[in-house]
Amino acid sequence: MEFFLVQTLNGISYGLLLFMLSSGLTLVFSLMGVLNFAHASFYMLGAYFAFQVSAKIGFWPALVAAPLLVGAIGMLVERWGLRQVHKHGHVAELLFTFGLAYLIEEAVHLIWGRSAVEYRVPAELDGPLFRIIGSQYPIYRGFMMLVSVTVLVTIWLALTRTRIGLVIQAALTHPQTVEALGHNVPRVFMLVFGGGCALAGLAGVIGGNAFVTEPGMAAAVGPIIFVIVVVGGMGSLAGAFVASLLIGCMQTFAVSLDWSLAGIKISQVAPVLPYLLMVLLLIFRPKGLMGTREG
Amino acid sequence: MASAGLDPLSGPFANVGEQGLAEFRFTVDAINKRGGVLGGRKLEVIGFDNKVSPQESLNQLKRVIDQDIRYITQGNSSAVAGALIEAVNRHNERNPGKEILYLNYAAVDPAFTNDKCSFWHFRFDANADMKMESLTTWMAGQKNIKKVYLLNQDYSFGHAVKKAARELLARKRPDIQIVGDDLHPLGKVSDFAPYVAKIKASGADGVITGNWGNDMSLLVKAGREAGLDVIWYTYYAGGLGTPTAMGEAAAGKVKIIAEYHSNVANNKAAKWDADYRKQAPKGNPDFYFLRGKIMWDMFAKALNQAKSADAKAVALALEGMKHEGELGEVEMRKSDHQLIQPLYIMTLVKSAAKGGPKEAKIDLEGSGLAPVTEARLEAYTSAQPTSCAMKRP
Amino acid sequence: MTYQPLNLGRWIIWGGAALLFAAAPHLFPGGFALTMLTQMGVMILFALSYNMLLGQGGMLSFGHAVYSGLGAYVTVHALNQIGAGTFYLPVPLLPLVGGIAGLAFGLLFGYVTTKRAGTTFALISLGIGEMVFACVLMFPGFFGGEAGISTNRMVGQPFLGLTFGPGIQVYYLVALWCFLGMAGMFALTQTPLGRMANAVRDNPERAEFVGYNTRHVRFLQLVLSSFFAGVSGALSCINFEIVSAENVSAIRSGGVLLATFIGGVPFFFGPVIGAIVFVFFIVALSGFTKAWLLYLGLFFVLIVVYAPGGIASLILMQFPVIRAGRWRELALPYALAALAGLVALAGLIGLVEMVYRLSDQGVSTVLQLLGMSFDARSAPPWIAFGAILAAGLASLRAAARRVGERWGAIQLELQAQAAA
Amino acid sequence: MKSAIELRDVHKSFGTTKIIFGVSLQIREGERHAIIGPNGAGKSTLFNLISGRYEVSAGRILLHGADITNLQPFEINRKGLSRSFQVTNIFHNMSVYENVRCGVLWPAGYRYSFWHRVGGLRDVRQRAEEVMERIGLARRRNTLAGTLTYAEQRALEIGVTIAGGASVVLLDEPTAGMSRTETAQVVELIRSVTEGRTLVMVEHHMGVVFNLADRISVLVYGELLATGTPEEIRANPAVQEAYLGALHKEAARADGSHA
């Protein structure tokens, strides 16, 4: 029983982290139609910035500063990069971010080297949160969940209670109308793109030390979050939320099962399961769990 | 006398390639200062970037051949090594008189000195099975080990570790229970917490794993977070960023099997190690490949004995050669071209500077984790019979 | 599209291409050059097959290596069976095996991926690619694990006296198949399916209303494209005599995207140029500098931003001007821009190389360039290269403006002439 | 007489917003039928339902007596119904000839063929030439569609629509945004190309409607107000009151501003 509980918590905390990543991606995609291929690279930048800042002045300032820095870089990228290629269409934008992912990875190699950096969980969050009959659950996992939920509630409030939030929400469903109403769409774009990147950066801050901060971390998590947005339904925040938790829990529980099929254990294929889920979903429900629009 | 070092010099694994190259150059410089080879000729190692890709390695091999270089060395990735062995065999068969010799310092797939053995290939690292042989020999004497868990990467090396561990434990310590046996995809797991929960639930007191890189560091970190109290029996926890990433979480918990570490007793390479560190590049401060030094020393000796730079003559001089290494005698076994050398089981502990035992003088990558010897296993313990049917030209 | 029964221009282009294939090994002698040429041939075929998706069908795929890679795996097994005497096929026909295998996997995976178009298609192809790559490591029985499967192409009876031992024979085999593949893919662009693929790319909705199921068009186009990808995989198998996990990796899939886009997606011949440039970057440039990945990435981003039609568009843009005999007016602005570009490039290379000197382990911090040496730890070279780069960029900007003005003026005049 | 198109109590809503409330309508084979109504009445929506662009919320649609409710657009097209769009919807990066040819290929039986050389298909070429001749764009055959003038693009839109020889043609505001002379030309074009076919059109221009249509349906706020010959519609007091009178004035104003 406690095994089940711990695994559920593991699944949820990982799923929430995935949602922090996929929500930024989804917001940007819904509003701008741009799929930011470099999204996971911003996650990586968040982790490295947090490593750098926390080495100088501590983890708590890093928790705020690193996402802001990443967001600022995101805005610069939007202003001086994406906006230039906007006229060539969405494929060009996607390819631009694809190239950007290459460049960010190489830049990280150059600045921080090619192996892992020593970015650690701060001492005050190190240790067990609670114990149940021999199993212990780390504080940091709890902290990750807390941060994720706080951020998500904040986003939800911002989207539903502020003016810019309403504009963004309207743009999710009726992008042309919003533009027609004369909102400064380019500036909204820049803010949203920066905001999406900052979300990825924040995920990096709390994911970088829970896992490992190294140049391959972007490539490791990138495909999974893309699968999440497809499974959830392109452009659907609620879908991304459900898909993140689903995939987080699915991967966790697949590991726990010792069932095997044709000599292959379920646990062996755990990380491939999201892709299988995606394939099945496409066969039976091509729009995704909660998708409304065509790709 | 140029030799080619084929290893990754760009991309994610460039640091691994650079580390090897830096140590080789240090060794080769020393040989040249001693007077070089073949009566005064200087050795030289030229780096070729193979991007850890088998196909790209073959491209670079073509380049090596174009430049009329006859000696290559490579170590990272058995996939690359397998491709190179095949390619060298083919080249030597198709181009008699222009043979190439391949010195392998780190690719540990047992097949290379068994079914796939080649006259043109020499391995200076103990292969995966030999290391497991030594590790299990030592484990057999550790009565407190009751239940072990096998967790490995789902690819050829992981499979080899898993298979060898099962067979050898069953032979040497049938009373040890294998309470779990999992494979996970290589480099695709970012959250090891579920695996750790499973290990915990199994009641294991030890985990045998061939994991390397992030798969190694993430596993140990996740274990510590969840309060998992096990001993990790590993191959590759000692370098390439892993000690840094694991951090002090690993102190006292991680055991590694290898041919060398800097805090080994009666270390005749101690001065060498210290000298290397003085000029080592800042990213890779450690002296890691003692076997690399042994490789170049033996190679130089073989050149001098053969009195010729011809690859075949050098190969004939190299096979069966005995050499007084820094930590005892080693032998390049004639039957399969596998170096038989003593191995060490080490434990990572807090370095002396951080309050650890005083023999833990030198830490790894400045991480505060330092290796201390748990056991020395003489060369014969790891020697295994070979299925190699060597075809000599 | 023109309807002259005999299109002289087309004959010249294809004849020239055949001649180049035949002459290339004599123009660039040496074993390494031959390896590179052979790989260029393989890559050309691969990139052209990729452009059947991206250029002609509007499908941005991040998983095209799946088809070439799996084609290569099947080929390597076929080759080993030939070697073992349990299967017979002359080695030169092996690419057909790869092609059919590619096609079969195209049928299988294409069914799923082509259910959606646009960005979703891109993501699904990425996911399928990841899945196949993971499976390759998971089933070592068929795929040989990370080490892959080795083979020997010198098996069976020599075919017309060819053993395919020497690299030159392999080159000509690749060249022949590459040429056939090019011709085949070009022919496909001239069929109803080929034209409708363009229609679906440009306006999928309208295509539905003239009777076409866009999904079927995408599906068939992908299946045909995976045939040629499979052929290229088989050729790579014959060339390297090994097939390993990297054949299906995301790096390969990304590589072919880079190559195709750099060459020029809107033009049939664009990917040919791209493949040549790409192989040069990977195989040759990486021998000179560790920063090749960065240069490649920068080059790609520059193309995306400033020349989304790729190198081919830059070349083709000049033809109307040349035909009108106006290129002389542009020669000077072009020369100035090129000069400024070179200066900027020199500054950039200096800076980039010094960054690598500072960051990379194991190498000295001294940069050797054009017989001069610069120490990356001292300030003067940074200032110097920075100044060169800044000067280069500033003059490039000015020169580009001049080119733009001249270009615009000529275009206006040409249009006016055409209208009159 | 058999119906070319029959709508049986068709409903459409987007989310909670209802657009079409139970429209039932029979369009006879060979007739020219116009659907008129004020902006936002749901005329284009009705077209989108018939041609398969939108899914029907409730009710049935029949084409030549066969049920086509909620079929995909291409399936409906293959059954012989072709439509044009209010906002020009052609292949901008293709030449005029290629645009027309796209409309010809499927009905000519070449479908997804990748074994025919498209340049060598004489029947396709003849048909495409014929269509270009009829829409008056033969001289512009090699021009990129995106560079045509607006009126030419509208003509091409009709050309692509009728190229396949569909038995039922739906034209969505074919004269939208055209000058008076252009409109007159288009009317003649429509008249000639729909000879022997069933035509359904949505049109705002009352001159065009009363000139071309055999019968007219009036759609107001998603409901069918009346169906009948032009005379009947003109005489219908409900239509007069609800719509036509106001529209006449509007149309007059619009015409005035054109001139």
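Order of writing sets the labels: A, B, C and D. Residues in every chain begin at 1.
To be clear about the criterion, a residue touches a chain if its C-beta (ideal position, glycine included) is under 8 Å from a C-beta of that chain, and two chains touch if they have at least 3 such contacts.
Bear in mind the structure is a predicted one, so any value in this text is a computation, not a measurement.
Of all chains, the one whose CA centroid is most distant from that of chain D is B. The centroid of the Cα atoms in chain A and the matching centroid in chain B are 37 Å apart.
Work out the mean CA point of chain A and of chain D, and you get 46 Å between them.
The distance from the centre of chain C to the centre of chain D, each centre being the mean of the chain's C-alpha atoms, comes to 44 Å. The multi-chain contact residues of chain A, meaning those touching 2 or more other chains, are 109, 113, 268-269, 271-272.
Chain contacts: chain C has residues 134, 138, 293, 361 touching two or more partner chains. The residues of chain B that reach two or more other chains are 14-15, 154, 185, 188, 283, listed in rising order. Pairwise, the chains that make contact are A-B, A-C, B-C, C-D. On chain B, the positions that touch chain C within their shared complex are 9-11, 14-15, 18-19, 21-22, 48-49, 51, 53-56, 58-59, 62-63, 65-66, 77-79, 82-83, 86-87, 90, 94, 109, 154-157, 159, 185-186, 188, 281-284.
Residue ranges of chain C in contact with chain B, taken from their complex: 30-32, 35-36, 39, 134, 137-138, 140, 145-148, 150, 152, 165-166, 236, 240-242, 244-247, 282-283, 286-287, 290-293, 360-363. Those residues of chain A whose C-beta lies close enough to touch chain C in the complex are 29, 33, 35, 81, 84-85, 88, 90-92, 94-96, 98-100, 102-103, 106, 109-111, 113, 219, 223, 226-227, 229-230, 234, 264, 268-269, 271-272, 274-276, 278-279, 282-283, 286, 294-295. Here chain A touches chain B in the complex through residues 3, 6-7, 10-11, 14, 109, 113-118, 120-121, 128, 131, 134-138, 140-141, 210-212, 214-217, 220-221, 251-253, 255-256, 265, 267-272, going by the rule given at the top. Chain B makes touch with chain A in their complex at residues 12-15, 154, 182-185, 187-191, 193-195, 197-198, 200-201, 214, 217-218, 221, 225-227, 240-242, 244-245, 247, 283, 367.
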